[in-house]
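Quick heads-up: structures coming right below.
In what follows, chain A forms one complex with chain B and a second complex with chain C.
On to the complex of A and B.
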């Protein structure tokens, strides 16, 4: 799996959860900018990412998944992919 | 997204404002909870929560740690609720296991469990509504009596005892708990409000070592922590003086790490209360949120005034 695959799939997950167009999901997508990203939706994001990538986040990681760049970084780390340069 | 409540500002409510900023900066998915509750419950909520966090977490670092503990508590709970929706049962656990994992784990109790539980009584609408029911249905009756003694069994954060002491200057109370961490936290809580001269906390299991009888008893969210709630309720009934009144609550469909007995409906608690010899006067039921579909279980609180 490449870094681009991760970004594309995270984009799709966030678009699906929040009813957005995938092309509108990007570096600025965060709990600050997305309407309705509350605690219940946060869990949906977390569970959807876990299902998409077949991974399990720990509690601290679950807390940290609050914007697109952080999600990419945490997922890449979970998948054992090198950090994005 | 900015839906800030006008009643919250760094000048008028510095503690609430700081707390909201911590949530926004560190736990964005919780960024709206302060404003939402302020809008729902109005100036009294703002005043109460401002005072509570100001007294309990007076230093910025303390407030940050409390907010972090609350956020962790929430994500764990949401995961557990998600699993509970599938299983419809709590994790199989004995009281002794729960006690070891939670009540006697001082680090967990002080950094997460107790601060989160306290904050939840202001940030979760069903918890706050339960407190308001307590004021309206129970404390208002206590006020009519004049000087009085009350006892709280399972004192937890000390919140309910503090509310009585704060509202009734002639009241004196005693709190029982098995957890040294709870006793310490509740002691700090009562001292932070300058009420310690009228309150005592004992590390005592009232099942093993029965308490003296009181005319006013409080027991908030203890039943679901037990393997056999009716046995405990009978001990509470024995601790209620003739003509006395008790405020007893239970959490329903709430798969916390230390919840053992699953109550699914408020009527199950009523059955237990009656089995223990209590007579029901009035009760309140509040759900945490509207379920995504009608068949899903929702965390609910049920509070009962009994004699």
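On to the complex of A and C.
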């Protein structure tokens, strides 16, 4: 799996959960900028990412998945992909 | 292909395309997106889905179920609006306010881990008697809450049972102990269903069984439980949502009322015309097993009230011989309400069976091993469900799992339905011998029993309002809890009619509802099961309702007729009986009868037994 795959798959998960266009999901997408990203929707984001990538986050990771760049970083780490240069 | 190109566009798509996109990859996030798109579609097309208001009365975070239950509801034709109680509903005085929003269905989902934490977390620290007391108190808590909801709402109530714990405090030793953790929860579930069955319009959802099917380990999300108090995994939420919607559909009774099966290579292995009865296989062991299993599944359906029929291209005597004499045959001649064993077109035979049994084609499931026959029937009779039987174990599960068979109550009439249809066939023969209709009706020696509704009869009466289409003046559908309200209402009357004759009992076949509004009493509902149409039995109900109306102080009796696709035959009924009218109010026709002049009388070929005056 390439880094671009991770990005586009995270994009489409966030787009589906929040009703956004995938191309509008980017570095600015975060709990502060997306309407409706409350604690319940956060759980939906976490469960959806786990389902999409067939991974399990630990409690600490769950709390850190608050914006697009952090999600990419945590997912890549979980998948054992190298850090983005 | 980029991910975004597969996203559904609500303006270009219909519901089935959105659902197909979801089914390609049924993830949680796609459920969220599909639910949103279907909602947009619903807003653009009023009436596409039926509005359904759901209320969760719960003690844990169940909100993540929302995307799943919304989609499951759309699949069943509903646009679901979901709301939630606080986390301590029993202590919450706002609960009545939520019930006043008139939800259609209330789910009661209380987790034992929250209700009695010690039972889950400190079981070995509890004395026997203390554990039993906590268990009893937990069951009582759920029952009391259910009764409170019943008092405050006309909704159907679906109560979750308790999920048995996966990790047991005593380990393997727990199962050796009848008073152990697992067995205690199992007993609580037995007590719960016994108590809930006493509450009108309340039913159990066996969540424990649903999660056992998935695996208890897979159903639990410990991280979600710790971080958000949301203990159910996505697969558990999805299975629960599907089950919940299936229960909602089943509230209306089974949609499939009749299964028509083929014989050769479906009911048994082999071809009776070529292999002879001795060459057929349907034994309980070996290669005949799959045929044996299908026959047993069909027999269970028959016992649940689903009528069986045969459509087979064969010599009739060959098939009858197998049904009568084959030692391994589970189903016998009298398990089938109708048979068409001939060389004619199966589509014609199916239509002819539907006519004989008075069933709409949408209520029929056809099972055949032959793909050509299946395609032919699908093409000719698109309204019937067709199942091509290959005999694999997946097919067995598919038949048992067809949601259309679900109903939450099996009535006495259901259990004896096949016998009722067979008695009808004998009546038809008697009718052909009689010299006139009246002569025939007298020869039946009919006894009509009539009475006011009692709680134990409400399930059957609800079933009649939901299933009856032809002899149904207003086609108003009621569930048990609504009928319960009518039965309790001092300004309403709910009466039933039972018929029997020399060929047997027909069971409860008629229902009438009267509502008084000042000087006027309106016949809100008047219906007869199609099996007894044409005998004049409706006049017994009208006579009784008119008598009730006079007792209630009404001076005018009004009969309503609301046209539907199926009830044209009763359009002029009130006119024929001497009512004056009609006056039209929109689609509704209203016919009047002045009660000062007396009440409509019923024909003298009935012996009438009034249950209400008998005991008095």
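In this text, the second predicted complex is superposed on the first by the 85 of 85 C-alpha atoms of A that agree within 3 Å, B and C clash if a C-alpha of one lies under 4 Å from a C-alpha of the other, contacts with A are read in each partner's own complex, and residues count from 1 in each chain.
We adopt the following convention: a residue touches a chain if its C-beta (ideal position, glycine included) is under 8 Å from a C-beta of that chain, and two chains touch if they have at least 3 such contacts.
If you're wondering where the values come from, they're calculated on a predicted model, not measured in any experiment.
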item: Which superposed partner A:13 touches (first chain B, second chain C, both, neither); value: second
item: Which superposed partner A:53 touches (first chain B, second chain C, both, neither); value: neither
item: First, second, both or neither for A:31, with chain B first and chain C second; value: first
item: Touched partner set for A:62, first chain B, second chain C, both or neither; value: both
item: Which superposed partner A:40 touches (first chain B, second chain C, both, neither); value: both
item: Contact residues common to both interfaces of chain A (with chain B and with chain C); value: 39-40, 43, 47, 59, 62-63
item: Complex contacts: residues of chain A adjacent to chain B; value: 30-35, 37-43, 46-47, 59-60, 62-63, 66-67
item: Interfacial residue positions of chain C with respect to chain A in the complex; value: 2-4, 7, 27-30, 32-33, 36, 61, 63-64, 67, 221, 223-224, 226-228, 230, 234
item: Chain B - residues contacting chain A, complex; value: 1, 24, 27-33, 71-72, 74-76, 78-79, 82, 289
item: Parts of chain A lying in touch with chain C, wherever the complex brings them together; value: 8-9, 11-13, 15-17, 19, 21-23, 39-40, 43-44, 47-48, 51-52, 56-59, 62-63
